[in-house]
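Naming follows writing order (A, B, C and D), and every chain is counted from residue 1.
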Amino acid sequence: MIRVTVWNEFRHEKVKEDVRAIYPKGIHGAIADMLSKDGRFTVRTATLDEPEHGLSQKVLDDTDVLFWWGHGAHDEVADATAKAVQARVLEGMGFIALHSSHFSKPFKLLMGTHCSLKWREAGENERLWNIAPSHPITQGLGEYFELEHVEMYGERFDIPEPDQLVFISWFKGGEVFRSGCTWNRGNGRVFYFRPGHETFPIYHDRNVQRVLTNAAHWAAATVKIPFACPQVNAIEQL
Amino acid sequence: MIRVTVWNEFRHEKVKEDVRAIYPKGIHGAIADMLSKDGRFTVRTATLDEPEHGLSQKVLDDTDVLFWWGHGAHDEVADATAKAVQARVLEGMGFIALHSSHFSKPFKLLMGTHCSLKWREAGENERLWNIAPSHPITQGLGEYFELEHVEMYGERFDIPEPDQLVFISWFKGGEVFRSGCTWNRGNGRVFYFRPGHETFPIYHDRNVQRVLTNAAHWAAATVKIPFACPQVNAIEQL
Amino acid sequence: MIRVTVWNEFRHEKVKEDVRAIYPKGIHGAIADMLSKDGRFTVRTATLDEPEHGLSQKVLDDTDVLFWWGHGAHDEVADATAKAVQARVLEGMGFIALHSSHFSKPFKLLMGTHCSLKWREAGENERLWNIAPSHPITQGLGEYFELEHVEMYGERFDIPEPDQLVFISWFKGGEVFRSGCTWNRGNGRVFYFRPGHETFPIYHDRNVQRVLTNAAHWAAATVKIPFACPQVNAIEQL
Amino acid sequence: MIRVTVWNEFRHEKVKEDVRAIYPKGIHGAIADMLSKDGRFTVRTATLDEPEHGLSQKVLDDTDVLFWWGHGAHDEVADATAKAVQARVLEGMGFIALHSSHFSKPFKLLMGTHCSLKWREAGENERLWNIAPSHPITQGLGEYFELEHVEMYGERFDIPEPDQLVFISWFKGGEVFRSGCTWNRGNGRVFYFRPGHETFPIYHDRNVQRVLTNAAHWAAATVKIPFACPQVNAIEQL
């Protein structure tokens, strides 16, 4: 069983009626419930306002893949937690950054760039083109899939060149976006996936759910290699 | 004229006779003097113990390429300075991390990984193989060049896969190392170059000097694009 | 002076009035005239129906960058010529494949993939987003530029992951495309640039001209390294 | 069950006593026997002197991963077979090129480069450094493994920058080599693995066997996507 932790800022759902209507158990609850049905995951959740944001070292050590959803409260995440997440990825944990988590502390630490972009909330439609039809993350999808109403994110997305580009989005308003990107960092795998604004029922979409499920399998840690910078003896005679 | 700033920790040279013998004006002084002879650079230096480590925002703004040499005092570099360097790279400045600067704050911020490695001080010989003979950084070099006595750095070097691998080192003691690596980060270019231990006259070597000169040309900023994450109107009718 | 050769199939212009109206001297003539104004290029042209397709070994040897435009007669290009072009790129020559040259023999040889895509001739508008604003190829461009009437090319474009993705196109009809892509192959640089259908005046567009000019500078050969697979003696004692 | 086909030139084993002594059933036989013990593979073999080199379209269609070992008779492989292998990789089949297969027709078609290198037969020792300890291909290996007597291959290896570099070799005589490299091509995965000279018992080495087994799992086809270049209707209204 792959051990998944779904982290959510969990603020919008508490104060906005329309968000709560879509995600009565929170975005984390919706994703956790969906993944649980897969049968191959042990899923837990964690949120910003829990002690240590729900991400003690013990929780991180017991996590193979961490999903992250943040938006308005990135700055409230403790630096120590963000660095602990980064360090755990470098050991081998998978990390899946969703939507506005492009600006989350752990994602920015892993990328080393601003991760900035253009944005617009106009409820336009988005079409995600599948650029990597043989990638594990796209199995079960067609050539593209559509989302009827979304927040737009447009290029230039300030990220390191992805190891593999998986999705490119088309937006009605005229923009494009690298919506699915993979990177290796240390011994861990990182996936950024664009969809997921809180006022649209994105995580109830079947194609999105397929991507999240596939991504959890793809990113799951297979190793745990601790930090080391050893002084070593020569192997050959000097 | 390309505006170069050579930053050095400048501690070993003050306290160790053998280092001062090799670099009487400091490692920064040796590199600055060498680059100045090229005729296409305006060179200044900056060191750890100057105010703001010699790297005020004004200095950074006026720098097209920043060389960095640090070793024993990485932690004494202020976080604010490290972040200012990172931000300036993302705007367009080139950054060249030398030798033990694999563990410097700005390099680690830009990489997002531990940047750890194996090491040994045994004065063995190193042979740097030129993997990218058409790259601007290797012009004027042969298939390989050698350094007679070096500190060894061995794999695994914990870095993101380089955009282009330029040098691989062979060490007498049995290790290999990715000794020249390039990455784009934001709008800036980053080059890591392994050679340069303080107790060996590495920066007096002609091939090393050729690499540094070429790298300064290759990495020099051509743009200055400030951070922005704008809300934008639709271009097409919604 | 950079020595440029602009190769064109040069068939449409001979038989189609509307194409000749746009390119009275042929597509090759239009591009050659435009590049000549730059002042830093020595430009010649070559076409399919010339002896050896205008690409003798002498011509290739004297070429630093080769532009290629082909469409309906890819199969008429001799295999020997296609392989000679490939070999010259591996020595160091730049190669710029335009529009329907995604299916040209030299480009396919260099990529190793089918280079297939989706297409439609509906005269819709295209918006090319600048994904790499610090790349030499995009200097002088804005965040995007538009072409009013184009043939559409859509993903999935069957190419190796580009070394750097430079442009992504948005099409009115709903598709996206990786319209500007760079790769290193051997000692040469390859750039694919999508725009350029023969029935639209694409190569008279100022932004397109800027890209072609920049690309010629970026791709120009700096080395000429012949094929070799030498048996070598040990450098160290065995 | 993953369907593996192990292709071997199978000439040395017929005429050289010393090679036959190491591989009495041929190199293909040794690899096939080893993989068969894994329990997750259905393994067949094919050799140069069989009709269609043992690689009919039916065999290719029924193959998820193709191993390839060739050396002195690359030119005797029919172009049609080489292209059929390439096309099958682009559909999704995995392709694992062993040792001197760097110069095989299918590998060169997939790479688009010369794939040249330096070489020496002196029986020196090789140490393969594991650069990607979290990669599926390196699971079960340590930081490095050694081969006591090998043919040397040295840089520069004329290949496209690997998607991921897995092994770098150190040779006693002073060279280095990118000994394990992965690429995606079309919908298929390609792995080049250096070890395997016919006069040394390389494929009886446990670490080498581990790499081959892991690589077969990693490269196995999961999709079969035929070539297409369709004319398509607009999705959005024009």
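The criterion applied here is as follows: contacts are C-beta pairs under 8 Å (C-beta built on N, C-alpha and C of every residue); 3 or more make two chains touch, one makes a residue touch a chain.
Bear in mind that the values here come from a model prediction, so they are computed numbers and not experimental data.
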Please report the smallest number of touch steps linking chain B to chain D. 1
Same residues or different residues where chain B meets chain C? The copies count as same if more than half of the interface numbers are shared. same
Per the C-alpha centroid definition, the whole-Å distance linking chain A and chain B comes out as 32
Rounded to the nearest Å, the gap separating the Cα centres of chain A and chain C is 37
List, in ascending order, every residue of chain B touching at least 2 other chains. 127, 133, 154, 161, 163-164, 172, 174-175, 184, 186, 235-236
Could you draw the chains as nodes, link the ones that touch, and say if you get a line, ring, star, complete or other? complete
Can you name the residues of chain D that touch chain C in the complex? 86, 90, 103, 109-114, 116-120, 122, 124, 152, 154, 158, 160-161, 163, 172-175, 183-186, 227-236, 238
Which stretch or stretches of chain C touch chain A in the complex? 127, 129-131, 133, 143, 154-156, 161, 164-165, 168-171, 174-176, 178
Using the touch definition up top, name the residues of chain A that touch chain D in the complex. 92, 127, 133-134, 136, 139, 163-164, 172, 184, 186-189, 222-223, 225, 235-236
